[in-house]
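Note that the chains take the letters A, B, C and D in the order they are written out, and that residue 1 is the start of every chain.
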Amino acid sequence: MSAQVSRMSRAADARVSRRSKRRLPAAWRSPLALVGIVIAGAWFLAAILAPWIAPYDPLAQGLPRLTPPGEYSVLGTDVLGRDALSRLLHGARVTIPLAGVLVVCAMVLGTIIGAVAGYIGGWVDEVLGRLTDLFMAFPTVILAMVIAAALGPSLYNAVLAGIVVTWPMYARVTRSLVMSLRSQNFVIASRLLGYSPWRSMGTDILPNVMGPVLVLASLEVGTAILLLTGLSFLGLGAQPPTAEWGSMISGAMQNIDAWWLGVFPGLAILTVVMAFNFIGDSLRDVLDPLSSAERQGAGSAVGPTTVNADEGDPSAAVPSEPTEQEAPR
Amino acid sequence: MSELLRVKDLVVRYGTMTAVDGLSMSIEPGEVLALVGESGCGKSSTARAVVGMERPAAGDVHFRDLPVPPLGLRRREKRFTAIQMVFQDPNSSLNPRKRVGDQIADGVRAARERNIESEEPGHWLESVGLEASMASRYPHQFSGGQRQRLAIARALAAKPDLIVADEPISALDASSQASVAAMMRRLCLDAGAGMLFISHDLSVVRLMADRVMVMYQGSVVESGATSQVWSDPVHPYTRALLAAIPHPDGRGVLPAAPAAESPQEWSSHVPEALNRHAAPGR
Amino acid sequence: MPTATKAARSRSTGSALPRYLLRRLGTSIVLLFGVTLVTFVLTALVPGDPIAAALGEGAIQNEATVEAYRERYGMDRSLPERYLLYLLALVQGDLGTSIRTSRPVLEELSTALPATVEVAFAAIVVSLAVALVLGTIAACRAGKVSDQVVRVVSLVGLSVPTFWLAIMVYRLFFMQLGWAPGSGRLSPALNPPPRITGLYLVDFALDGDPVGFIDAAAHLVLPVVVLSLFTIGLLTRFIRSSVLEVLSTDYVRAARAKGLSSRRVIVGYLLRGASLPILTMVGVAFGALLSGTVLVEAVFAWPGLGTYAYYAAINLDLPAVMGVGLVVGVIYVVINLVVDLLYGVLDPRVRLG
Amino acid sequence: MSTVLSLTDLAVELGPKTARRQVVRGVTLDLVAGQIQGLAGESGSGKTVTAMAVLGLLPGSATVSGSVRMGTTELTTLRKRELNRVRGRRIAMIFQDPSASLHPQLSIGAQLTDHVRHHLGMKRKEARGRAAELLDRVKVPDPESALNRYPHQFSGGQRQRIAIAMALACEPEVLLADEPTTALDVTVQAGILHLLRDLVDERNLAVLLVTHDLGVMSAVADDVAVMRHGRLVESGARRQMFTDPQHPYTRQLLEAMPDAQESEIL
């Protein structure tokens, strides 16, 4: 009997390990992710190499003014006779790293607050929950606008504003993940083995929270870029003469006929954001169960797994909701 | 102090709903006590209260004459790591991002912290019918049944004095249920530990429990030696429960169905159904 | 997202409606109080001098004028004192006077708010309609080409900078092609309708003025399209995964096993099953839309809340900023309340406790 | 003894292109009016997929070969519209978990009548009357008011009774029952098994009963087939299968039942 069982289980093992090998590369093999990686990679390169590949100094005003693309320069010149292409390339150096900083800071802050609220629960959760509610009540741009205005318009204050308005999202996701993980059997099991709450947080809970949170963060890089360029567009972020995409678009509004001044920075923003969204969305396919936490009870599905009753799916990347208990709450 | 576990007048409430209503029991070393009942009868809540996952609304739970503290924000005292639990759902019993060998090693460490020697993870894997070389794998590389074996190995590695098993075999395939149950009993008794075994399946309980307690709507309606309860049930609920089990004998006999859903007589109090002793001569 | 928690909470307590509403009112007041506090603290941090901003270079030299101004706006008092005075006035329905325009903030907000609500509401209706179709198609054809196309389209929708798109369509459809009317809510030749709700479409309709109605509707088209794009992306992806999840439930399988037509299964079982998470997400999307309006309003010179907030912020017009914060908080509370009440309508488990 | 539904050499392939698996490999079974054909097997054996393949309920990516024949109609090649005239009308299905197979947001009345109105062209009132009769037949208390209630207001056993009523509403000839009592307590299960047996006898239904529980199988099935890895390893009359199993796997399954074992204690 037991030989039989172990033979059966070995067969299952073979199947399972084949599946597990398929898991991660699948995300990178998807054409969407590939497109995202190529575009994002190109912009990273542009950002790094801008000082060497840009034909002109982005701030130098020596060229003829408002020449259309192709005449003096590939993408034309602006009202002050600056080279649009050089400004575009240097713009990548401004926005992309700052968006990264914004996302990382908001993620760390939000994850910590969410984890504390979710793990301790009770009145701590209640207070932190109200706090997150409060910051979520403001529409992002309006709160960021007020903050940027209050602290004075600058790119760094825009980043700060961005952090203030986006951390609650991470806090919410983390909180609900931690709350469901906290009552998971494996967490209880290690507590029964004498794990301290800190240790259980560090080895049982956070590693299982990080996947979904990172997916969220990767999707948020795009949103952060939109926020930063949007604030700069309103004059609350980058200040002239900085070569920044949002403020370039806003400057272009004054010169209606020079269509090229507005079109290209916009396309730059569009492509970068799109690249990050492609990557994040493909990542989500791999680490999916996130979305169920993000939406609390809404849940999501990895794919059309219409037949599962009889299949016995052995892969559970992140534990699902705790099993229904005997007693209704 | 022969008692390992003593539960007295335990009450567990969720909001206004009373899940366990004044339950008392005790377990001795080397004894398997089964708690049997259908869904919602409070058997799992009892198990959760015993290990400290649930804070009792009233009554107390003593392990070796010390009250079991609730599993709160404080680290569990060493001596209470002698209480271990095996859960129903094997898929959530193991940390998906940690090698199974390391998870079993946590059990070994817990034993050593109590100054009790415990074998290496590889040994424990073999003792539950797996291979020592599987220690470096992750939980998702195992089937559901194997995961349950891993969870059992982890609990046993801590050299517990008391194992609380909450429906440990109901998520397994029918063909492995009986063998896993028998394995749990053997390993538990070999280690001289006591076990609280929660199940809805009387026919499995018959195979492994010394004593059984039948629960209905939060209270124990019948209890005593397993053989006695199995062969000669007294309480109407126990009788209905036993009669409803279909037997794979090929005779095409429909199991007896109760006249109504939860008839009144099931909640009746039958004093002679409690603490029944094994018939003399057995 | 927050609404789901609350709905879940209300479901678990399963309380009677009045008690629930009372509780809800309590938390809402706490939230609004918090909103005023946060806005106040933020504006108090302002390093610049709002008075200087309001008076300009010339008047700032005149100390008497500055003092008069300070007194008028209560700037001579301590911060807690100012905050308490603000709250006191607030309770009486007085949001103060704008420093920039010297008009009551309440009055200004009551014209700005409907302008934004009109755009945002139209956008959410359009987005939901489009996203329901796209998301359901994608889910029912999961993995096929149409699913991939919808996925790329919605991801691109999420990636477009709204303010840039606004400029582009404005240039193309108004300046180049002349298909769309220019900026603002109405053509300059027309007079606004008699104010009833503040929503031009509704007011023109109530007034029985077809010319005004069509003109107002035409002015809505571009902003709504621009705003919808992002929301469509957001909702489509969400609806796809919600529907996909319901698609694998036994009750949808049971409905198919009953031999009902695809259309009936989709509308009667599938979408109804996915309606609760979708509803929650629509609430969230509405909040995101309010954010988006700020940038779009700037391009289309739309006299809404976003424009008002922008000018209030850059001019450090404290009472106006406070007013915006408060209105925004109220909108949030109302959205959540509406979503929760709709939950009760859609889900018998909530309704009947 | 008339065969109502025949599966011949039924095979099903599932999974993504890169990892296609044959889940069902050549299953041949006949369902006879008034009889319950049991289909046993462990999880992953393909028994549920077999049942779903009969009604074409597998995902679009599945490939079904072989034949499912009902009278002169071949079901596997039917167009969707024609298949919908068979589903619910001639072949009905009940599922494992009654709390999942009833729509939580629709009233019992709505779920019991929509396919009746669709298939039989009944008016709302007429369909409701019929639904109430059915609820009474499956012993749901207070059928009239039950129509206006929602699934969560019933116990698990009652929900399965409602699901059975729903399946029988258009008087089908065949009932596919996929683990119909697995999610229920034993005392409730006993009641459902009685009901199932009674309905089969009274309506001359042909039933395919999919279950892993050999006890259930022994109690109600007339014939039993055992599946493993997508194949039928053995099939035959109930009594013979239980008392004199031929295939080693069948024997192994029976031996693993707790019932078959001597208690270690006793």
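Rule of thumb we're sticking to: contacts are C-beta pairs under 8 Å (C-beta built on N, C-alpha and C of every residue); 3 or more make two chains touch, one makes a residue touch a chain.
Computed from a predicted structure; not experimentally measured.
*Asks:* Going only between touching chains, how few steps reach subunit C from subunit A?
*Replies:* When the steps are counted carefully, the minimum from subunit A to subunit C is 1.
*Asks:* Touching both subunit A and subunit D: give me those chains, sorted by label.
*Replies:* B, C
*Asks:* Could you tell me which pair, B-D or C-D, is linked by more C-beta pairs in contact?
*Replies:* When the contacts at C-D and B-D are counted, B-D has more.
*Asks:* Calculate how many whole Å lie between the centre of subunit C and the centre of subunit D, each centre taken as the average of the chain's C-alpha atoms.
*Replies:* So the centre of subunit C lies 50 Å away from the centre of subunit D.
*Asks:* Can you compute the centre-to-centre distance for subunit B and subunit C, using the mean CA position of each chain? Integer Å is fine.
*Replies:* 54
*Asks:* Suppose each chain is reduced to the average of its Cα coordinates; what separation in Å results between subunit B and subunit D?
*Replies:* Centre separation, subunit B to subunit D: 33 Å.
*Asks:* For subunit A and subunit B, let me know how many angstrom lie between their CA-based centres, rounded off.
*Replies:* 44
*Asks:* Specify, in ascending order, the residues of subunit C that touch 2 or more different other chains.
*Replies:* 143, 253
*Asks:* Counting only residues that touch at least two other chains, what does the list for subunit D look like?
*Replies:* 43, 52, 57, 61, 96, 252, 256
*Asks:* Multi-chain contacts in subunit A: which residues touch at least two other chains?
*Replies:* 1, 304, 306, 312, 329
*Asks:* Spell out the residues on subunit C that touch subunit D in their complex, using ranges where they run on.
*Replies:* Those residues of subunit C that touch subunit D are 143, 249-251, 253-262, 264, 268-269, 272-273, 275, 346-349, 352.
*Asks:* Can you name the residues of subunit B that touch subunit D in the complex?
*Replies:* Per the stated touch rule, the residues are 38-39, 173-179, 181-182, 185, 200-201, 203-204, 206-210, 226-227, 230, 240-241, 243-258, 261, 282.
*Asks:* Help me check something: in the complex, which residues belonging to subunit C touch subunit A?
*Replies:* 1-2, 4-5, 8, 12, 27, 30-31, 34-35, 38-39, 42-43, 45-48, 142-143, 148, 151-152, 155-156, 158-165, 167-168, 171, 175, 237-238, 241-242, 244-245, 247-248, 253, 276-277, 280-281, 287-288, 290-292, 294-295, 298-299, 306, 309-310, 313-314, 316, 321, 324-325, 328-329, 332-333
*Asks:* Would you pull the subunit B residues touching subunit A in the complex into a rising list?
*Replies:* Going by the criterion above, the answer is residues 12, 14-15, 17, 19, 39-45, 51, 53, 71, 73-76, 78, 81, 83-85, 87-89, 91-98, 103, 106-107, 109-110, 113, 129-131, 138-146, 151, 154-155, 158, 175-176, 179.
*Asks:* Over in the complex, which subunit A residues touch subunit C? Could you list them?
*Replies:* Residues in contact with subunit C: 32, 130-131, 133-142, 145-153, 172, 176, 222, 226, 229-230, 233-236, 246, 249, 252-253, 256, 259, 262-263, 265-266, 269-270, 273-274, 277-278, 281, 291, 294-301, 303-306, 308, 329.
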